[in-house]
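This is the structure I have questions about; it appears just below.
The first chain written gets the first letter, and so on, giving A, B, C and D; residue counts start at 1 in each chain.
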Amino acid sequence: MAYHFRNDYSFGAHPKVLKALCQTNLEGNPGYGADSHCAAAAGMLKELCRAPDAAVTFFIGGTSVNFTAVAALLRPWEGVFCAGCGHINTHEAGAVEATGHKVLALPAGPDGKLSLEELARALPLYGDVHLVRPGMVYLSDATETGGVYTLAELESIARLCREHRMYLFVDGARLGCALTARGSDVTLPDLARLCDAFTVGGTKNGALMGEALVLANPALHEDFFRIQKQRGGVLAKGWLIGAQFEALLSGGLYFDLARHANEMAQRLQEGLVRKGVPFLFPSPTNQIFPIVRDEDLPGLQALCPLEVWGPAEEPGHTIVRLVACFATAPEEVDGLISAFPAP
Amino acid sequence: MAYHFRNDYSFGAHPKVLKALCQTNLEGNPGYGADSHCAAAAGMLKELCRAPDAAVTFFIGGTSVNFTAVAALLRPWEGVFCAGCGHINTHEAGAVEATGHKVLALPAGPDGKLSLEELARALPLYGDVHLVRPGMVYLSDATETGGVYTLAELESIARLCREHRMYLFVDGARLGCALTARGSDVTLPDLARLCDAFTVGGTKNGALMGEALVLANPALHEDFFRIQKQRGGVLAKGWLIGAQFEALLSGGLYFDLARHANEMAQRLQEGLVRKGVPFLFPSPTNQIFPIVRDEDLPGLQALCPLEVWGPAEEPGHTIVRLVACFATAPEEVDGLISAFPAP
Amino acid sequence: MAYHFRNDYSFGAHPKVLKALCQTNLEGNPGYGADSHCAAAAGMLKELCRAPDAAVTFFIGGTSVNFTAVAALLRPWEGVFCAGCGHINTHEAGAVEATGHKVLALPAGPDGKLSLEELARALPLYGDVHLVRPGMVYLSDATETGGVYTLAELESIARLCREHRMYLFVDGARLGCALTARGSDVTLPDLARLCDAFTVGGTKNGALMGEALVLANPALHEDFFRIQKQRGGVLAKGWLIGAQFEALLSGGLYFDLARHANEMAQRLQEGLVRKGVPFLFPSPTNQIFPIVRDEDLPGLQALCPLEVWGPAEEPGHTIVRLVACFATAPEEVDGLISAFPAP
Amino acid sequence: MAYHFRNDYSFGAHPKVLKALCQTNLEGNPGYGADSHCAAAAGMLKELCRAPDAAVTFFIGGTSVNFTAVAALLRPWEGVFCAGCGHINTHEAGAVEATGHKVLALPAGPDGKLSLEELARALPLYGDVHLVRPGMVYLSDATETGGVYTLAELESIARLCREHRMYLFVDGARLGCALTARGSDVTLPDLARLCDAFTVGGTKNGALMGEALVLANPALHEDFFRIQKQRGGVLAKGWLIGAQFEALLSGGLYFDLARHANEMAQRLQEGLVRKGVPFLFPSPTNQIFPIVRDEDLPGLQALCPLEVWGPAEEPGHTIVRLVACFATAPEEVDGLISAFPAP
């Protein structure tokens, strides 16, 4: 039997979410998101963000929402700062550049976080008008390696953004896991207050598909539908996403699922640490990165299909990624702990 | 009670399709379309097209698949011919231009079809190297007003395309209705033989969402995934579309649903013609375009929410659109015939 | 001996302009337009426009300045209205679309002018958010067929633009000829008052190369250098254009040259009309469009290489273009009148 | 008196070049490069390259030719490798990204050269289809810091390019200085044999403006004019560049001027080294990079306006750039050596 820790998009939807979606099947809804489910879900999210002046719209996927936000917010001569490991700089196949904008990648540590210091160091270079103007800071929260920003970090970066007329955008594909991570001090109202725009990811947290985009800055609302349509981000049967977010945001289900995913990953991490397995860094969320001997890799892959993250610093070792999700059971975690190759 | 003829994307999925999708929920599938459902559905479609060398990939929506195909196939200095009423020239918010390509709109009649004559008339102008080179012909089949191409028309346009080194792309958002229209002599193998690429639309024919893109020309396969990813057209849980197409392509369900939609629309058209209602033209598919007196419009809208298509030639009259789909019942059709304002 | 009426860019620069340029050769100037010649020329143009708050920057060519202005001013989901015969819609090889923007071509008469009526008719269609938003009106003055806008026309279009939040851009590749046409009532201050941006063309009026871009609307100044650089519009030895405009704007040379080109073309047009030659329309500027019998065309081409404009309405006849410039001599005009085939 | 070592585009043209250009002034030439001067210069360059099947076209500036070549050669999902200090990655204001392509910047040493090793290390990462495909290697020769590639280096990189189906493009804005650098073993025929395309820069080597683009790979010729026009790279009075290159390529003037610039820079570098001034690295071409104490910088700037290149490794020190050109006199060099602050 194989274990399922390859990623957090291998299973469909949480049963409550799937049921809500199925119930809409023959309602006869207006198309393109102009339906009551999208309206209700948007209202719930604005309420949770305490942001009555925000606008909320729904996208199908993360790449799509990221490049559409960049294209909508930036002027043609502007670029976007991000960590070198940032999703827009790597696994989106040049999607941001395809909209005409330069990604300005900065160094980040193993937690994948972009620091105020790196931003402050980079900014003066771009005073030269032969270069692009930095117009946005892109953060992933949680990051691609599971790191989580503190409120103090977000506040200082938001301040820098305002001082330098840059938008702050947070890619929240795994925002649920970030907000419910042990020790996290950031809330949805904090994000709505500090960011110009951010996403609340559904795909990796209990939905079949769907990312909510919160346009917290009212200056960004006008004509947004047109660019979302132009970039392929409007679903004809838009209520499918609205209904799923209605279900996720009801009774805190969204946060419960994220907390569960975090707990399962933490249980796995702690178990492996106890066995002496080293880690890239102590990730607090649902993605963890153990380091294994190269000769143990094939056996581990057979046991538990996974993503190889890259070579470890220590020769002969490899960093791998294990991911928990809403559907991960504690028994699976404990089984993998037992079966995992001892270092 | 209101009638539902506003469009063919107001309802969810046919029950068999929804069931197939739900059954995948906890299977644990690989992401990004690398699953067995997508593989099976692609195989079925290639078989139906008798095109073993084609490649099939799945997109979520029509705008997305259209602009990605244009961006993937054309070189930067090339444009795409289409009818003035073509979807890419109108209701996609400049999506093709946003990829850098000029849409070369040509006049079309009320059936929305691009004629060989118009293409042949336009081509010589573009010998001038200060203009873009026409690199593609885009046809919608059925067209935006419900028209259907004959095999002879497609063959002559395909020949012109080969002679002038242009790709032939058919937007099949409503391909099911085109192929099953009364009198249609075109088949999937014809399309696979004549086109470089074409789509088989699911969204408007029984699926929650999804368009299959058939890359009939093998020269177009290489690296296609990269541009699909780059333009936001890859669904993380790709099997959701694969499983729906599996269901649609099993036992001819896809064609049955399209035939039903056509029959309901034709029944409505014939009933209204009998009442003396004039039409834009005798559409053979699931979209029909009656002409109503302006003073009757508000009452009709209350009875049956619909899209206003534009002013009719006769002053004081308006063209409206009525659309049937897989979920339309004959009783609804007959009810609307009775209730429709007599001319 | 062959006559030179093919176009207005077959000769180099007016001797005074060439001399000014040569005098800068070993001055040792800062690069990229940060020199005293560009500053002086910009100051002279702002003075002539009575627009102290405008910014002036210099481009090498017309296509470059047009697409850079469109890219700088519009948001990604916006398109630009122009006459169907407008340069950006035809002879720029899709340059505007290559920046991602749709050209919204409207019908125009033989004088090539875009009318308030056509604009007002088109605007309501674009209230639909599935279409691009019209963000700019592009006019050529003089037009591609030599037509000239009146002050009343420009004022009414400018008003419409303000009402609908569209920028007004005038492509002045032949602005000198427009402003000095017999009966013209438009001045540089009028343009600076009514337009958000416009160009003052040097290439076709006595310079080796160079178009001045007047950014009359101060909201457009910020970061303009960055996009000009990004789109290839910044000349390393920028002073070469500045020095030429200094010479052209000194003592009214720019207007003298344009007036001369107009007079030569008018003398030719009047002479041919006296011979009974029909014209596309009575152009008031330096481009005129006689209609000739097809069998006379080869002989005329041998005598006077020219551009064929297209078929005339009368079968067996062709519209051709004849162009005068700063270097055209009256003897040449009179010679061509004599030699021109009688209708 | 101030010294002129700020850059190599502060002066106009070499007198012979300027004279050739002036002689064309009233010839009456066809526009857009379809003239005899461009044809002659292209023929001379193909002869010098021993590349009869190449095509040569002329651009006004370096940014323009770089991004047009990238846009013409790459497919939308492809990126371009270059050194981190490469011109396309820095001082072109995101021009390549504005055409939709990702710049894949790799580390380089102080000589600014991209090494085979870095390329070979980076390539495997891009096997992942969620990333862009590397479609081109961009080299500057001479580099931005004056470095020069050896024939062995170019050959090994060209081989790697062929093995991985990447185009090889050399930005020759300072190609004259590279080819005439002491010890250089690369020739124009080598470049024509190894590269798919490369430029021969005129702007920084005796011309008012102009870069020749050699399309050595015949597969790249078709429709190239259309994209050059589309991206603003076609000069209306194209013969102005053709005539300048005719003069530069006659009797080896192009190489004489480059050799002179190199000699002046080397004389300066050697003089300063003798005074004990440290350098970033021993540049063999016309750009040299001395390191000065921060407190000496203001005085040096007053004496000799220059570009600050960045902080040196040693605290309190700055790297500056000094550039010689065709117009630099030995007396100026010797004067600056004397006046330069001793370390």
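Keep this in mind: a contact is a pair of C-beta atoms (placed from the backbone, for glycine too) under 8 Å apart; a residue touches a chain by one contact, two chains touch by 3 or more.
Because the structure is a prediction, the values reported are computed rather than measured.
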{"item": "Lowest number of touching-chain links that must be crossed from subunit B to subunit D", "value": "1"}
{"item": "Pair of chains joined by more contacts [C-beta pairs], A-B or A-C", "value": "A-B"}
{"item": "Farthest chain relative to subunit C (centres taken as mean CA coordinates)", "value": "A"}
{"item": "Distance between the centres, which are taken as Cα means, of subunit C and subunit B, whole angstrom", "value": "42"}
{"item": "Subunit A and subunit B, separation of their C-alpha mean positions in angstrom", "value": "34"}
{"item": "Distance from the mean Cα position of subunit C to that of subunit A, given in whole angstrom", "value": "50"}
{"item": "Where subunit B touches two or more other chains at once, by residue number", "value": "76-77, 92-94, 98-100, 129-132, 226-227, 229-230"}
{"item": "Residue numbers on subunit B that touch subunit D, as the complex places them", "value": "32, 71-72, 75-77, 99-100, 129-133, 223, 225-227, 229-230"}
{"item": "In the complex with subunit D, residue positions of subunit C that touch it", "value": "4, 6-7, 9-13, 15, 18, 22, 24-31, 60-64, 67-68, 92-95, 98, 203-204, 208-209, 226-227, 229-237, 240, 327"}
{"item": "Complex interface listing, subunit A residues touching subunit D", "value": "76-77, 79, 90-94, 97-103, 128-132"}
